[in-house]
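Letters A, B, C, D, E, F, G and H name the chains as they come in the text, with residue numbers starting at 1 for each one.
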Amino acid sequence: MEHEFRSLLSEVKAGSKSIDEAVRRLKHLPFENLGFARIDHHRSIRQGFPEVIFGRGKTVRQVTAIVKSMLANHHNILVTHSDGRMFQQIKKIAREARFHKDSKTIVIWRDKTIYGKGKILVVSAGTADIPVAEEALVTAEVMGNEVESLYDVGVAGIHRLLSERDQLLKARVIVVVAGMEGALPSVVGGLVSVPVIAVPTSIGYGASLQGVTALLGMLNSCSSNVTVVNIDNGFGAGYVASLINRL
Amino acid sequence: MEHEFRSLLSEVKAGSKSIDEAVRRLKHLPFENLGFARIDHHRSIRQGFPEVIFGRGKTVRQVTAIVKSMLANHHNILVTHSDGRMFQQIKKIAREARFHKDSKTIVIWRDKTIYGKGKILVVSAGTADIPVAEEALVTAEVMGNEVESLYDVGVAGIHRLLSERDQLLKARVIVVVAGMEGALPSVVGGLVSVPVIAVPTSIGYGASLQGVTALLGMLNSCSSNVTVVNIDNGFGAGYVASLINRL
Amino acid sequence: MEHEFRSLLSEVKAGSKSIDEAVRRLKHLPFENLGFARIDHHRSIRQGFPEVIFGRGKTVRQVTAIVKSMLANHHNILVTHSDGRMFQQIKKIAREARFHKDSKTIVIWRDKTIYGKGKILVVSAGTADIPVAEEALVTAEVMGNEVESLYDVGVAGIHRLLSERDQLLKARVIVVVAGMEGALPSVVGGLVSVPVIAVPTSIGYGASLQGVTALLGMLNSCSSNVTVVNIDNGFGAGYVASLINRL
Amino acid sequence: MEHEFRSLLSEVKAGSKSIDEAVRRLKHLPFENLGFARIDHHRSIRQGFPEVIFGRGKTVRQVTAIVKSMLANHHNILVTHSDGRMFQQIKKIAREARFHKDSKTIVIWRDKTIYGKGKILVVSAGTADIPVAEEALVTAEVMGNEVESLYDVGVAGIHRLLSERDQLLKARVIVVVAGMEGALPSVVGGLVSVPVIAVPTSIGYGASLQGVTALLGMLNSCSSNVTVVNIDNGFGAGYVASLINRL
Amino acid sequence: MEHEFRSLLSEVKAGSKSIDEAVRRLKHLPFENLGFARIDHHRSIRQGFPEVIFGRGKTVRQVTAIVKSMLANHHNILVTHSDGRMFQQIKKIAREARFHKDSKTIVIWRDKTIYGKGKILVVSAGTADIPVAEEALVTAEVMGNEVESLYDVGVAGIHRLLSERDQLLKARVIVVVAGMEGALPSVVGGLVSVPVIAVPTSIGYGASLQGVTALLGMLNSCSSNVTVVNIDNGFGAGYVASLINRL
Amino acid sequence: MEHEFRSLLSEVKAGSKSIDEAVRRLKHLPFENLGFARIDHHRSIRQGFPEVIFGRGKTVRQVTAIVKSMLANHHNILVTHSDGRMFQQIKKIAREARFHKDSKTIVIWRDKTIYGKGKILVVSAGTADIPVAEEALVTAEVMGNEVESLYDVGVAGIHRLLSERDQLLKARVIVVVAGMEGALPSVVGGLVSVPVIAVPTSIGYGASLQGVTALLGMLNSCSSNVTVVNIDNGFGAGYVASLINRL
Amino acid sequence: MEHEFRSLLSEVKAGSKSIDEAVRRLKHLPFENLGFARIDHHRSIRQGFPEVIFGRGKTVRQVTAIVKSMLANHHNILVTHSDGRMFQQIKKIAREARFHKDSKTIVIWRDKTIYGKGKILVVSAGTADIPVAEEALVTAEVMGNEVESLYDVGVAGIHRLLSERDQLLKARVIVVVAGMEGALPSVVGGLVSVPVIAVPTSIGYGASLQGVTALLGMLNSCSSNVTVVNIDNGFGAGYVASLINRL
Amino acid sequence: MEHEFRSLLSEVKAGSKSIDEAVRRLKHLPFENLGFARIDHHRSIRQGFPEVIFGRGKTVRQVTAIVKSMLANHHNILVTHSDGRMFQQIKKIAREARFHKDSKTIVIWRDKTIYGKGKILVVSAGTADIPVAEEALVTAEVMGNEVESLYDVGVAGIHRLLSERDQLLKARVIVVVAGMEGALPSVVGGLVSVPVIAVPTSIGYGASLQGVTALLGMLNSCSSNVTVVNIDNGFGAGYVASLINRL
């Protein structure tokens, strides 16, 4: 950008470009040339930010093509909401691709540097919440964090959680995944003083309203250190946790 | 009822009433005379059931008149959703009336027998939930139970609850009152093996949706021993807890 | 627990374990060993509490493995939300397993003791509500209760219910299962003075909103002895009814 | 209308109006002249239909002015959602005006003919539902019907309703008014074989959702003879009941 | 019933039954024997009421068995929410059975008497609403009414409706079926002065919310002669229309 | 219409038709003949309005038959919500038919005149919103407009949108299609001073509530030049944009 | 903007500013100086766009201050959601201010030029909808349009609307305001072929859900020329109608 | 804790305490003595955590008493949801108390140390959102952070936001407050790569549903770095931002 400005001004100074021409040029510079492109390429330029593809609603062919084009640079590549068929094709162009069945994510590792300053802990209430929890975990890992998990510690058996309080206290950021009544983030939030990112899941039936009950519960958490992301959005929670852990 | 049948049959037998007349009589006996009135007067006849008046939406004059008519029998009298003005008038006709400001209940004690077999414990999450908790407590007391309360033990500071686990373990029935995310019944439910009656409150703001969030959370409790009553329905919880405690 | 404490203390006293070692041991005892384990193993230790597996969302292999590990003790085993394929595999490891097709439950009977003090009655409004009613019934049975059922007595033909009032009056706890407008618990609640546990079902269409209408109706019951569980949660109702019936 | 056509055609035939003029006339006849005005004045022309003013949101001055203009004809006049101040002004221009405080209706009787062929019965669940029930009752009365009421027969004390089944069986149309769980129309509907018009009320709290719960319950009635009007719409129910009763 | 009373009384009078025995008998007479059975068999006894089976959720075998048992009497038989497979089996036991594919109803005609006093008109907004409209039509027909239909006259082309106003004016009861915004009942209601029964349908997408939008619209109709039934409940509308038309 | 009036009047004038006959004729003219038919045929008579068939819920046979009957006139024909099978049949009767796979529309071009005065721009937030955007685009095209599209310019990368502001500023009407939080119309609306038609899509998951979130967001737009259509209603947006562009 | 560029470039050319300084200057120019300010001042610069103040939530003092600062230019000034007290203060600084009591708007006329090319018609269903309709009308007027209104033509008396169809057909854009079931826009939309902007109002009670029912109804309109704005947003509708009418 | 174990074990070893006594002691140690009390006092012990009182629902007397007891230690004290009367009393016991009228917060400064490592920026969409934004700001300040604000930069005038991008890029954590459609967090989130905490406000009307629309929008943000707190929960956002900024 600066370079474009500089050469334009040089031309004006040198008289090789009239002021009128230069004014017109400045007025029509494509916007990305005025500073925002910087933001755009920002992420891919910064170390440790993966390229991410949301697989659902895209064809295998589309996803494969996008992955191919991404192989040119050297960031990690993460495909969320993928499946086995997608993985078969991607493996053909990237042997090192790994499929995480639980979380339905595909990861192509290119950069194993640790960028996060502490540990990210992913906690889940029930076994049925594990796929969403794993999506958060894989995301945090791919973004260069040390991660740990603590599963099946729902509030109906509170001692299971309490007996692992050491693990809770060691984390720098905690992601808590829960369906049904979504009470776990409040309890975890009360036990620690680090940020807790709550992920409601659509696990449950009847009055769980496909996760809306858990979502509402988490938004009303009586623990002040809890913030919330969309239902089943493990990726988002892992992403924000990673941003926080780099600070 | 039996008496009516018997005298009718006697008249038929004696010939003082024709079969036609008797058939007509049997067909037109008001229903309550056929067994259901029994159910109706059932409660007031059984020892220890109070007379209850829901005060809201009734005038002071109406409530006072109802109380007056009830003074004839010897049950306890409970007015819920009352206020100070109502109390002033009722005190005039029943000196022994007591006003519970927190729970907005008026109680006229006539019978202090204990009918419940164990202790009923009322637990509340926040201080703002206390009025509803007190309504449950007073109701249980008026129905002849030993009661105890455990307030301000919300899940964000789980140790406050855990340090009182002895009190939890001694109760025969537990009422748990909570607003906001309504998570407390699940935690309490997981610590005991007696029935837990959950009362959502309208405490909270924004996404608490006037108690709907707490209600939904409680209905989705991962503890199997939890049942739920309407938002702010402390009376109902105290009533059911009393029924259970008499069994 | 006590045993562990005792032997540890004995070793310290005897000098075979240093105080430092004992402190470390006490600090690292898994939490359930410090008092809450009591609660944890509580249920399986108490007579008549079954082992319960929620089958939905688990693979046949997973459920079978869990059942296998449970066969070591002698409690009844209940699998809810199961199916025929699941049953085929379980029968291979537990010949005595029985499949209740209506309620989609598998039961392995080990202990036929009656722990409940009275009779639990399960009432349902329509024939379509029977699967949920049966889940409540089987649960109560497996937990050691005498059970009875009264089906197809919806409020549109009130005399069907009334003609069975004797059966209603004999029950110690009543579970009422209804979809559509969910009115039956109010009517039943008005006829008896024992606790009524209402189970809304997702039966209906259009404005029944998958059971939300029945749920809301039950929460607003004008009968004070009604509490409510989640939509289609027959298991929960049977479980709470059993807890109450043991008191 | 026919008259207009006829005179126009006569003029054309007689040559006193050109075909062009007649075409233009036919094309521009105000619509109400083509048959629909007939419908418009229809109601006020038919005997026994009252003039109705919905008072809420109108000033006393506006309502009084409307009433004044209506006094010219001889139908009954009904003001719903009125109040005492409104009544004071209306009494000044119509001495015979009567104020029904319960239902907040003002009635000016001009025609006491009975147009309905049978009796309309208005049934209500609780005492708090009476204002809405009275609005239905007054409306039916003003429209020339014999009316009866049966109040405080909610489903929690079903025998109260059953003991009055004779009254139910004598009605030609029944209006049932209920708040909270809104179960009464289903029970009444099951006891009779005439049309039942259900009116949900906003009576209740918490999960009654200002009458939405009662409304949903009634729409899901398991009695096939129930139709529903808006929450608190006593007028509408009385109006439809009157239309049916004239058939 | 009367017969039972009479013989019992005769025995008492004759001394062949003691008063004690008779009292016990009267107290234990199953409820339906005390007057309500009358209501129960009421419908099937009254001429022109069909036997109705709601087919959804029942197996072909179950429906066929019910139909078989119904063939003993001579009422019309109506199966709603049926399908072709069901029809194949029913035809085997009742040759005269007819399948109405549009409305998914099976009819077995036994009694073609006209019981309704006037004509029932079924109006529908769009072609997609026709299945529900046909369910109403078939129901009304089976209950002994002259019926007519007027389809595809939605409010976006109001002249289509207006040009058929003669047909509207000839009906004694009108059923109006509409999805999407559900506006048609208001317009029809404004054109006639007979009762209009509105049936919302689940036709539409997005903000139609599976028929809830049409339902809410109809409940807020500015035409006072409109009452509403559940979403897609053509049967209910046809049933109530028939009841009204017999008055 | 005028023609019918004229010939009728001529016959009357000429004496070949009696006044009585003419009156009867006028009274019974189907309504559309009295002025509203004009509106009916209006659209198809006006140049550039296509014939439109909503394909969903219609059989291939039905759609084909309708298309066939439409081929008689010379308007463009548009089938929305179609599919490949439908297209195969239509191509048989109209070789020039084209299938737009993305938007699931079939177009038969008969008239390529441009009726719109300016350019219609269709903007979409994400790639998943493209099918709805394309439906709007094709609709606008078929109605005779110059159209342009600007896809994948969601608000999370605002510079992508800003760099295309010239394209935005050149449009006479803008359609903006977005799912998830539905924020794009507000941003676009703030950058231009022409009408913006917002189309929420059902793209998203969890708290997107099948497009309700995007819909609500758009209705609350802080840009005053935004109006909204139903969720996924690309056709409606394209239609209104076309109407505006002809003004 | 151009001026700033030009002077900067002149300085560079003249050597009075170094290229480095100029580059820094260009990079730090506040954004509005790079093209977007143009958009910002766009509206106030274009003739006939009023200055608008949303009065609700602002103090009288704040609104008066804003008005004062606006008096410097010569656009019309519109204050919506105002009241009498606000008006008293504004009149002190702008004698020509006028208060529209119905719509709660204050207008200060400075420019009476007509910018719209045709007529804007505002139609309302009931008298209670008039305040919102008037807000739309005043807005359109202040933005330089010829406006007309057609009030109290709700769908329950469809002939009232039809008899005014000439007025409908003369409008270039139509705003339709309706509460309750919100059906009027569909009917109006079917009678014209110009854009219809629908405004739901919060008029109604019970199931009108504060205007949500009308809103949903309008979004599902079966007339393709209808778009929708927020509940009670008369201003928005008048604003968009004005934008369209200038095209 | 360790200390308690150690002395107990020493006593056992020394024989001054029997094993039985020690077992009993271990079993009855109050829970807080087992590690959880540590967590409890945790916050107040850590430097820079203020004491917080939620003022709403508490009496002036209660709040003053709590403040008084807090003055003993040396943390900052923050009262949210307070008012002028509350402030008058608190000033009497703490002269240094300051009332922030906009945010309705009272602050008593005791410790002005900066604990946060970077700057926290609070951004708001409209002027009406400022009270909530100020609550976040004051909270962050009291917790020892450098804070900045950027108000009135809603998405309808995107250049206002863009022109301040430098300020955005300098922040370590950003809180974004917005009502209506709640779109601002997505746009801000796309411009930065730090965590964004979104606070929906109840600002708006009609379809804003008291902030639910903004809440849903934010949960569906297409920017991955956005997490959400409850409607109007400025305190919560400021609190979490502070936690993050200390990491």
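In the analysis below, a residue touches a chain if its C-beta (ideal position, glycine included) is under 8 Å from a C-beta of that chain, and two chains touch if they have at least 3 such contacts.
Everything numeric in this text was worked out from a predicted model, so none of it was measured.
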item: Any chain in contact with chain B as well as chain F; value: A, D, E, H
item: Of all other chains, the one whose Cα centre sits farthest from chain C; value: G
item: Longest centre-to-centre distance from chain F, chain (CA-based); value: B
item: Centre-of-Cα separation between chain H and chain B, whole angstrom; value: 39
item: For chain C paired with chain D, centre-to-centre distance based on mean C-alpha positions, whole Å; value: 50
item: Euclidean distance of C-alpha centroids - chain D vs chain H, Å; value: 55
item: Where chain G touches two or more other chains at once, by residue number; value: 35, 39, 157-158, 162, 165, 190-191, 206-208, 212, 215, 219-220, 230-231
item: Every chain pair in contact, whichever chains are involved; value: A-B, A-C, A-F, A-G, A-H, B-C, B-D, B-E, B-H, C-D, C-E, C-H, D-E, D-F, D-G, E-F, E-G, F-G, F-H, G-H
item: Chain B-facing residues of chain H, complex; value: 30-32, 36-37, 39-40, 57-58, 200, 202, 210-212, 215, 230-233
item: Parts of chain D lying in touch with chain E, wherever the complex brings them together; value: 35-36, 39, 42-43, 46, 49, 52, 117-118, 165, 172-173, 190-195, 197, 215, 219-220, 224-231, 235-237, 239-240, 243-245, 247
item: In the complex, chain G residues that touch chain E; value: 125-126, 154-158, 162, 180-183, 186-187, 189-191, 204, 206-209, 212-214, 216-223
item: Residues of chain G touching chain A in the complex; value: 1-2, 5-6, 9-10, 12-13, 15, 19, 22-23, 26-27, 34-35
item: Contact set on chain H toward chain G in their complex; value: 127-128, 157-160, 162-165, 203, 205-208
